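Structures for review follow.
Paired with chain B in one complex and with chain C in the other, chain A is shared by the two complexes that follow.
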Partner chain A sequence: MAIEWIDAVTALRVGIVYALLALAYFLFARTTDTINFAVGGYAMAAAMLYATLTGGGTSPLVAFVVAVGLGAVLGGMTETFVIRPIASKGRDEFVVVLAITALLFVIQQLAGFVFGRRAIIGEPLTAGRVELAGYEVSFQNLLTIAVGFVAAVVVGLWIGRGRSGRMMRAIGDNEQAGLTLGIPVRRVRLIAASVGGLLAGLAGALTAPQAGNSFHSGVSLSIVGFIALVIGGMGSAYAPLIGGVLLSFLELGTSLIFGSTSRDYFLLAAVLLVFIARPEGLFSLKVRTT
Partner chain B sequence: MKTGTVRSAMVAGAALISVGLTGCGGTDELPGAEGLEGDPLVIGVIMDTSGTASFYSEQAVEMIEYAAEATNTGEFPVALQGLFGEGSRGILDRPVKIVTEDDGSDPNRAVQAARKLIAAGAEAIISTSGSASALQSRIVCEEEKIPCIAPYSSSGAIVQQPNAGYMFTIAPNSTVQGASFSGIFKENGYETYAIVGDSSPTSAAVADLYKAAFDDAGLQMVAREVVPVGSTDATAQVSRVRSANPDVVFDSFAALSEEGLFYKSAGDSLDGIARWGNNGLITSDEPAKVAGPDIEGVKTLDVRSIENAYGVEVQDAFEKAHPDIDYLSWTTICNWEAFMVLKHAFEEVGSTDGPDVVAEIEGLKDFPSVLGPPGYTTSFSADNHNGSSSKALVPVVLEADGSIALADDETIPD
Partner chain C sequence: MTITVTPARTDRMEVPPRSRGRRDTTLLPAVFFLVAFVALYFGWALAESYHLDIAMTFTMFSLLALGMYTPLFLGGQIDLAYNAYLAAGAYAVAIIANRTDIPLVLAIPIGAAVAATMALVLGLVTSHLTGFHLALVTLLAGTAAYRWISSTGAGLTGGASGIGGIPRLDLLGIEFGREQLVAAGLIAVWLVAFALSRFRRSLPGLAVRLNRASTPAAEVSGIPTTSIRLVSLAMGAAIGSLGGVFVALMNQFILADSYAPEIVFLALFLPLLGGISTPWGAVIGAGLLCFLNEASAFIEGPGPLVFGGASLAILILLPGGLIGVVALGWSAARSRMRKEDKL
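Right, the complex of A and B next:
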């Protein structure tokens, strides 16, 4: 089975979407100490909104902005109405994860109710194709890679160098100490959750013209984002980006070489390998304690 | 209002909405039953409002309700007027009541749903949910001796013993379809095939059944590929199919969106290879919408024929009663047939006695059918609880806009 360079473009395009989902997980985990399995739900809702709006004649650009905004709103609402209230009562993290998982299913059912129960596909943000080395590549694919990559880098810079990004890291390391230092913890958590939701919404809006979007696809999006996070780790804001791209290359490569029926075995093996060899992911977090 | 109160109200509201979305219920209204006396005869319907079968299940329930209303009012199509006699209304002169239970296409919930329907007085159950659910609920039918019909369930296992004594199906199942596809492929001179499906258990099971049928027919499989549910790309699967260079690629998808994704990813790269799909392809417009113009030329087998006046009459009247429906699934019309089979059996027996009604259905021969070409009829026997044959199937081809046209160049060998 010959592998062509164009397959790498496909893997990169899919991997960028995985990376955005993983980065959304990362933001929630770093600030709220929560693995937010609802991020796939945000992406699904954004994708369905984008597809519905463009199907109804709305400009793709307007639909894109609105869909990404929906992700941000859902992320912020999750922090405000689910994570913070439960955490403030001193409940175990397990309770928060349980509530978030329930939220994912509520989002799915609401999406099915609002957008319908049939898969829908959105109009591309930009039409047309360009010929590159004998292959036709759609502008939408190139745009997905570019926008996703830029978003991941911008968020990485924000976390690493931005004022609120640094505060976010401080809260993630020790929320109590952050409070003592006067950091507006609630506001920073809300910003981080909204940005996390925005990234998931971005993943959904970029995916919407590529494949069918249905109300029950939130779970699968949550799973791939989580696996990308597991592979990449939490050591840096760029770790989810690398995790997502690696995951996608692994998926496509094993499918091409060994057949798609064996893909899941290789994925499982890879995840187990990461758990055994580097349970913290490829990039681990280093916190200064002195 | 305090924040805590607002939050509590929102949580309660969300809970109510989610219960409303996933819950179950029946109706106390009996449309068209004015003037009919006696206790309503209850037909239970297992439906899916929230799972993967929800699109066609909801349409199926609408068809069953439509059939119940037509039965209560006594307004039958020409093909049935002679069968039921003039002035026939309701079932056994009793008004018909439809009661529904939602199982979300979850086989575990299907058992509970069947029991709830029987507790609500159901004398028969129609399962509009997925095949896996029908496989589970049939056990309850057997235990409670209640006639059950899963009109369009494709799995041949549903009507295979054990536990199939009270379960019937209407549309051609995968066993019948497998033989029909094999016949067409042999007729066309195909020797090799690739099979592509999705990662759902239903698709895997259906793929196995078709593979067995193709292998029995002497065809050689050169590739088997799976598109994981939730994928956003299927180029790897397309590449492998293309490099295997089969005479025909057959899709066994159960996940309709992924089915469309496969053809979208294929684009024109499978030109020169015949493309056939199982009839999930026309269960909904999802595959065609997702694939776009790349769906053009893909063939499948439909159970509807524009030449079947009875079928067309029922479809047209149903669509007129439901102008909001923008895509009529082939599965929908099978529910009309299921309902009429039950009415006929109850009335021939003269009671709602389950074993007698089942024996009556088993003896049913040449029942007028909305399926297939003109003259096609439904027949059952004690050994065959699938009332169809390959003669119900009509080869069709999808156009670039997703519309369905007769595939005039294809015939199903006898």
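Right, the complex of A and C next:
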């Protein structure tokens, strides 16, 4: 079955959103050593807020900024009120996992209360379409790809070269050493968590005009983001970007060959395959310890 | 020089201090819950027909939560495919009753075996995974299983519309109607919780808990950590499947939507709310869910939010759950009483 290039544009757009979610995971994992399964919840909350605001007549740009801000606030609050208090008590890993799962659940249910339990679609940031090689492509799609890509690259540069980005990596490698060197660990962790939340919020706000968003979608967003991270690995700040786009293209290929109902089986197979063949993902992290 | 020999305090030596901690504390809660279940059944469940349905919901959630408790709180393994195990029990009943000539009672071991096999296969392919990675794989497996029973495997499972017309279980000449099923369900919950509380304190139970606390320490102690992990996953899955068996026998029909992955999240919080230091915590959590559900359209309305929020608060602030709160209050009251005695 031939893949039309328009399908590739759609896959790229979806892949960029997966990548933003995976990058949010990456930031939490790199600094707080936690897989923050609630990032899909931030994205869902941001999408619901964006759709509700634009549905109420607020300008899409204002709604976009507010929604992305909500993601950042949720990320920062997770670090301050959930991850840090539990980690400071030195509890088992599964307690953190349970707490974050509970947090995702709470965010979903709160969103259901605040924004309603029906699926809603937001207004696009920019209306209009452009004709490319015989197909009409909406500006919103191109904007999603461009904004998502630029955000991923900027965050990659920040992690690689920025002052607080480098501090963040140092803390992730060895928090005690970071403290000894005088790195403001708490502040850097909070910054990383807020940026992680912001990226998830960005993913949500960008997808809000594309498809119906409901309070249930947090879990599925969390799952795809995590899978993108698993595929990409933790070796580089650009690994989530590659993981997200690759996952989306594989998803497209599978649905074209086996039909859309095969998605759930494909996701399970993809994850098992990665865990069996290359558990560290495509790009693995090497920390020099001596 | 005179040497005075102090006679040995044999009365103290006979009871080394360590043995105080090993006092058997499993019997008291078991007796308490046995009395509570008997009172619940005869005093409340039999009074009205819909009370039987609530008691069955309690049974299902209790078995589901006890199943999750086994690998999670004994071994630290997060298995989120419990909707699939529950479905294994329920579909074993429905398929055996409607599509085969096998005696219906065999659905119980067959459902448990299917669930345990699924957990074993998942456990084997994820042998090096823990924490979130295991949670992800099992959640995806649960989702895939739901997809299979609701659409791909519709030829066998009846798809979204499920399977109806399940006959009553007839065992040794006794027909298991609604009343008998609820009684059997409560007995099963009691037995499983009691057995788990005994298991927790037994040597294999200690091995499972040591494996959770520190796998390297368990390995140098000669504990077969891989087998222990697989056994706890399979055991939990088999317990979870029992919940499905009872619900299918009670309702006499099954719907695919009852086995969507969402149910796992609700069940995950039940042992947390009750208290994770004992399997009875899962039973208390399930009871609380059913009680609150009675107060309003709870599960559809604010229920999940209240449960999720309370679980989160408990995880951060009160690691012992409700039993932990009671225990804390009890020890505080006792120390206050002792202080007053001294004064």
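Everything that follows uses one rule, which is that the second predicted complex is superposed on the first by the 287 of 290 C-alpha atoms of A that agree within 3 Å, B and C clash if a C-alpha of one lies under 4 Å from a C-alpha of the other, contacts with A are read in each partner's own complex, and residues count from 1 in each chain.
Going forward, a contact is a pair of C-beta atoms (placed from the backbone, for glycine too) under 8 Å apart; a residue touches a chain by one contact, two chains touch by 3 or more.
For clarity, every value in this text was computed on a predicted model and none was experimentally measured.
Participant: Answer with clash or fit: chain B and chain C placed together on chain A by superposition.
Facilitator: Overlaying the two structures gives a clash between chain B and chain C.
Participant: If we overlay the two complexes on their shared chain A, which of chain B and chain C does A:Leu61 touch? Say first, second, both or neither.
Facilitator: A:Leu61 contacts neither chain B nor chain C.
Participant: Classify the contacts of A:Val150 with the two partner chains as first (chain B alone), second (chain C alone), both, or neither.
Facilitator: After superposing on A, A:Val150 lies clear of both chain B and chain C.
Participant: So in the superposed three-chain picture, is A:Phe275 touching just chain B, just chain C, both, or none of them (first/second/both/neither)?
Facilitator: In the superposition, A:Phe275 touches chain C alone.
Participant: Quick check for you: in the superposed arrangement, does A:Gln109 touch first (chain B), second (chain C), both or neither?
Facilitator: It touches chain B and chain C both.
Participant: Is A:Ser214 touching anything from chain B or chain C once the two structures are fitted on A? First, second, both or neither.
Facilitator: first
Participant: Does chain B (first) or chain C (second) touch A:Phe81, or do both, or does neither?
Facilitator: After superposition on chain A, A:Phe81 lies in contact with both partners, chain B and chain C.
Participant: Now for A:Leu132: first (chain B), second (chain C), both, or neither, which partner does it touch?
Facilitator: Touch partners of A:Leu132: none, neither chain B nor chain C.
Participant: With both complexes superposed on chain A, which partner does A:Phe226 reach: first (chain B), second (chain C), both or neither?
Facilitator: second
Participant: Pick one for A:Ile121: touches chain B only (first), chain C only (second), both, or neither.
Facilitator: The answer is first: A:Ile121 touches chain B but not chain C.
Participant: Both chain B and chain C touch chain A; at which residues?
Facilitator: Looking at chain A, the two contact sets intersect at 81, 85, 106, 109-110, 112-113, 219, 223, 261, 264.
Participant: Give the list of chain B residues in touch with chain A in this complex.
Facilitator: Within the complex, chain B touches chain A at residues 7, 10, 14, 17-18, 21-22, 50-52, 54-55, 58, 199, 223-233, 235-237, 239-240, 243, 256-258, 260-261, 264, 284-286, 289-290, 292.
Participant: Across the complex, what residues on chain C touch chain A?
Facilitator: Chain C residues touching chain A: 72, 76-78, 125-126, 128-133, 135-137, 139-141, 143-144, 146-147, 151-152, 212-213, 261, 265, 268-269, 272, 302, 304-305, 307-309, 311-312, 315-316, 319.
Participant: Across the complex, what residues on chain A touch chain C?
Facilitator: 35, 37, 81-82, 85-86, 91-95, 97-99, 101-103, 105-106, 109-110, 112-113, 219, 223, 226-227, 230, 261, 264-265, 267-268, 271-272, 275-276, 279
Participant: Within their complex, state which residues of chain A touch chain B.
Facilitator: Its residues touching chain B are 1-2, 7, 10, 13-14, 17, 81, 85, 106, 109-110, 112-113, 117-121, 207, 210-214, 216-217, 219-221, 223-224, 251-252, 255-256, 259-261, 263-264.
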